[in-house]
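Both complexes below contain chain A, partnered by chain B and then by chain C.
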Partner chain A sequence: MMAGERNPASCYLDERTFRLCCQLFLQHSETIQDGWSWEQIKGTDEGFIKKTLLIPIKSSISHQQLGCSIQDENMAADDIQANVEDETAGVQAVCEIHAVLRYEYHVLYSCSYQIPVLYFRASTLDGRPLSLEEVWSYVHPNYRQRLQQGPWDTLTQQEHPLLGQAFFMLHPCRTEEFMKPALELAQAENKKVNYIVTWLSVVGPVVGLDVPLSYSTEVSAPD
Partner chain B sequence: MSDNAESPTENQKDDPSIQHTTTEQSGSSDEKKKIDVLLKAVGDTPIMKTKKWSVEKGRTVQSLSQFISRFLKMDPSEQLFIYVNQSFAPSPDQEVGVLFECFGSDGKLVLHYCKSQAWG
Partner chain C sequence: MIMADDKDVLRDVWFGRIPACFTLSPEETTEREAEPYYLLLPRVSYLTLVTDKVKKHFLKVMKAEDVEEMWFEYEGTPLKWHYPIGVLFDLHASNTALPWNVTVRFKNFPERDLLHCTSNSVIEAHFMSCIKEADALKHKGQVINDMQKKDHKQLWMGLQNDKFDQFWAMNRKLMEYPTEEGGFRYIPFRIYQTMSDRPFIQKLFRPVSPEGHTLTLGDLLKELFPAAVCAEDEPKRFQWPYRATVIKQQNPVHFTRRRCSQNAKGDVGTVDQCCRRHTAESDYSFRGIGECFTPDRDRETAGKTAKLTPPPGDFSADCS
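Then we have the complex of A and B:
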């Protein structure tokens, strides 16, 4: 291949690259204590990364919204309520905390789509699973309108491919729409991209999961 | 305020914290707590006639996204994606001032934006 010739950036990744990207992602997560871990499926090479967040529900006059999450799962429920209220009191006096929800996110590799897929489950602190309607209501307002144009395509309940339990899933069919521009931009600058970092930075915030900015600069791409 | 770039008056009314910059006002102003943002279109996404904007530091990515969507007269079924550092999507709740601190150079923050296809 001559210098300057380039294949267009592919929106797909193979499973090996997925695992490598996850490993690099996890290294940074450890560094900043961002709470991600690798779950290996026994007897296989397969696995996924996961993270659990405790997210308070803020309520303003117009709508309810997921507030800033807390990562420390070891706090007792009462302590969490108190701390969250103290924290938010300083930020937005008009917001009340109605509840704290538990969101558990899994990033799996889809062999059929050849891309990562975000699965998550959500429940109240006393273990009641959220309904699909409730989960929809907590989709970030920045995305809610557009996702609602075709809810049957985007946010659905699915059986977790590896655990066999009921999860919610962000359908991957539109992944190319937001990955292609990012990959092309990076390629134009001769930069390589960690697919998981880029991908998660887009899909995570849709459902309450923020990716800290440091991932953008501190996580390298696999060779 | 500028005479050298066309600006949609409706947007200026709605978003006094987002103004196009003039050559006289380039660079961030501590008094007004604004930063300069350079918006670059990706792919087939329409290019904004005015690319350089002066934005309050506390403005969120979501707010800027809404501004761009209105400017481009986007359909509700279309989604706008914003990227910083070429290939990272900042959280919609992130403040542009923080992005400027992390990724700003030459006195400005470069953000790429891309419009998705309309649904269906």
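Then we have the complex of A and C:
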């Protein structure tokens, strides 16, 4: 290939590359104890990665954010995930833990669209599944706007294609819109990215899933 | 191109009906006894789209506070409204006598297993997303994306209002393919099964082999579901607890007839009949190798092939 000539970065993913990216992703998750695991479908080489999270929900979360002027993504993600006594941006609030919710995240491969897809479901600790309205209300206000404007059509209830149960899914239609620039940038800098790391870092936080920065620096792309 | 003589087949599939009897579950609280409600269900539609009258009928005997989102079950299994009615019937009840006895529920919605369906727009969104996914496989989504919003609406309205011509005026665009490229990029299909957690098998499958041969449904099954296909001299081992449901076929006459006839062993008459069945945006059910149930009226021919079918549950009997 001559200098200056490049094949355009493909924003699509074949299944084998999906599995390889997941493997590398999981290795790092193991290192930092981030809780992801691989679920294999019996008798096949198909599978998906999954993670379960316990999220305390604070009653005063919306009041906090109204007073908060700093729109920092990492802060917001941490906020959802773990901080009980939160003193960010000079706003002090007494937080009561109203409930603990169980969120389950699955990253599957869609062979129809040739991209990964994020499925998740949430329930209370005693097993009551959350409705879409409830899930929405717990999405951080910062992300609520992004969710409404972002390059995904919507959050809908779908049947999990491998488990047959009811999950929520971020519609994959416009993955190209945010993956293409990221992949092109990496290519311009002569770097190879791990598709799953890049993709999940964008879609995950929107639904309360944090992807620590170390994934971006430590996880390599498959050969 | 869709062959002219497919039109009657398309109509047969579209107008296929399943007679059903809806009974209120004894677990529901009623002010007085409710009569069962009988309805002819369109195979190509969705339960929640066609059961407004069922709901009205049972609400007459119930108090408002005892009524939540309506759902259906068959012999204790919640019925997934987002599967076409024909698929549900073939999956759960095709071995049983008609009418199909469906139980109506208004409480204890099975949150884990069923999707909520709070309005027709939910059904529309689901239907359109299936159409889009199928087109992504066939044409990389180009045909559906080139259609206007009003065209999408017409597809949906055609289904909702049972208007064959209105529906097919739009659907034919989705069923055409550039012949120079050998047809659809991939065939959109799902093989539904009841004996596994996994609800269906869906993989990429090209209609043409690398050597340029047109592939058949038999080839697809052999590659992706070999357990269902047995050699010609072997006794048929499965009565098909698995139902092959093909969403759209490119060229039904060639695609299915040859292979079906080979495996049929004497069922050629019935097989040919069903092999001419072409799917619209609906589903096409294969029931076993050598026998097919699609539109309701095939039930009349069922008697002729029934003797070749082992009794339900006996999966080891020889069919021939």
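In this section, the second predicted complex is superposed on the first by the 181 of 223 C-alpha atoms of A that agree within 3 Å, B and C clash if a C-alpha of one lies under 4 Å from a C-alpha of the other, contacts with A are read in each partner's own complex, and residues count from 1 in each chain.
Here, contacts are C-beta pairs under 8 Å (C-beta built on N, C-alpha and C of every residue); 3 or more make two chains touch, one makes a residue touch a chain.
Here the structure is a predicted model, which means the values were calculated and not measured.
Trainee: On the A-aligned overlay, A:Y215 touches which partner chain: chain B = first, chain C = second, or both, or neither?
Mentor: Touch partner of A:Y215: chain B, not chain C.
Trainee: Please name the chain, chain B or chain C, that touches the greater number of residues in chain A.
Mentor: After superposing on chain A, more of chain A is contacted by B.
Trainee: Can A:P205 be said to touch chain B (first), chain C (second), both, or neither?
Mentor: first
Trainee: For A:K180, decide between first (touching chain B), second (touching chain C), both and neither.
Mentor: It touches chain B, and chain C stays clear.
Trainee: Tell me which partner A:E189 touches in the superposition: chain B (first), chain C (second), both or neither.
Mentor: In the superposed model, A:E189 contacts chain B only, not chain C.
Trainee: Is A:V197 contacted by the first partner chain B, the second partner chain C, both or neither?
Mentor: First partner only, chain B.
Trainee: May I ask you to decide whether A:L125 touches chain B, chain C, both, or neither, giving the answer as first, second, both or neither?
Mentor: So A:L125 meets neither chain B nor chain C here.
Trainee: Touch check for A:L26: first (chain B), second (chain C), both, or neither?
Mentor: Neither partner.
Trainee: Contacts for A:Q158 in the overlay, against chain B (first) and chain C (second): which applies, first, second, both or neither?
Mentor: After superposing on A, A:Q158 lies in contact with chain C but is clear of chain B.
Trainee: Which residues form the common part of the chain A surface touched by chain B and by chain C?
Mentor: none
Trainee: Show me the residue ranges of chain C that touch chain A in the complex, using the header's touch definition.
Mentor: Those residues of chain C that touch chain A are 80, 82, 111-116, 125, 129, 132-133, 136-137, 188, 197-200, 202-204.
Trainee: What part of chain A is in contact with chain B in the complex they form?
Mentor: Result: residues 140-143, 145-146, 149-150, 174, 177-178, 180-186, 188-189, 191, 193, 197-198, 201-202, 204-205, 210-211, 213, 215-217 of chain A touch chain B.
Trainee: Where on chain B is chain A touching in the complex?
Mentor: Chain B residues touching chain A: 42-43, 62, 65, 76-79, 81, 83-94, 98-99, 102-103, 112, 114, 116-117, 119-120.
Trainee: In their shared complex, at which residues does chain A touch chain C?
Mentor: 41, 111-113, 128-129, 131-132, 156-159, 161-166, 171, 173
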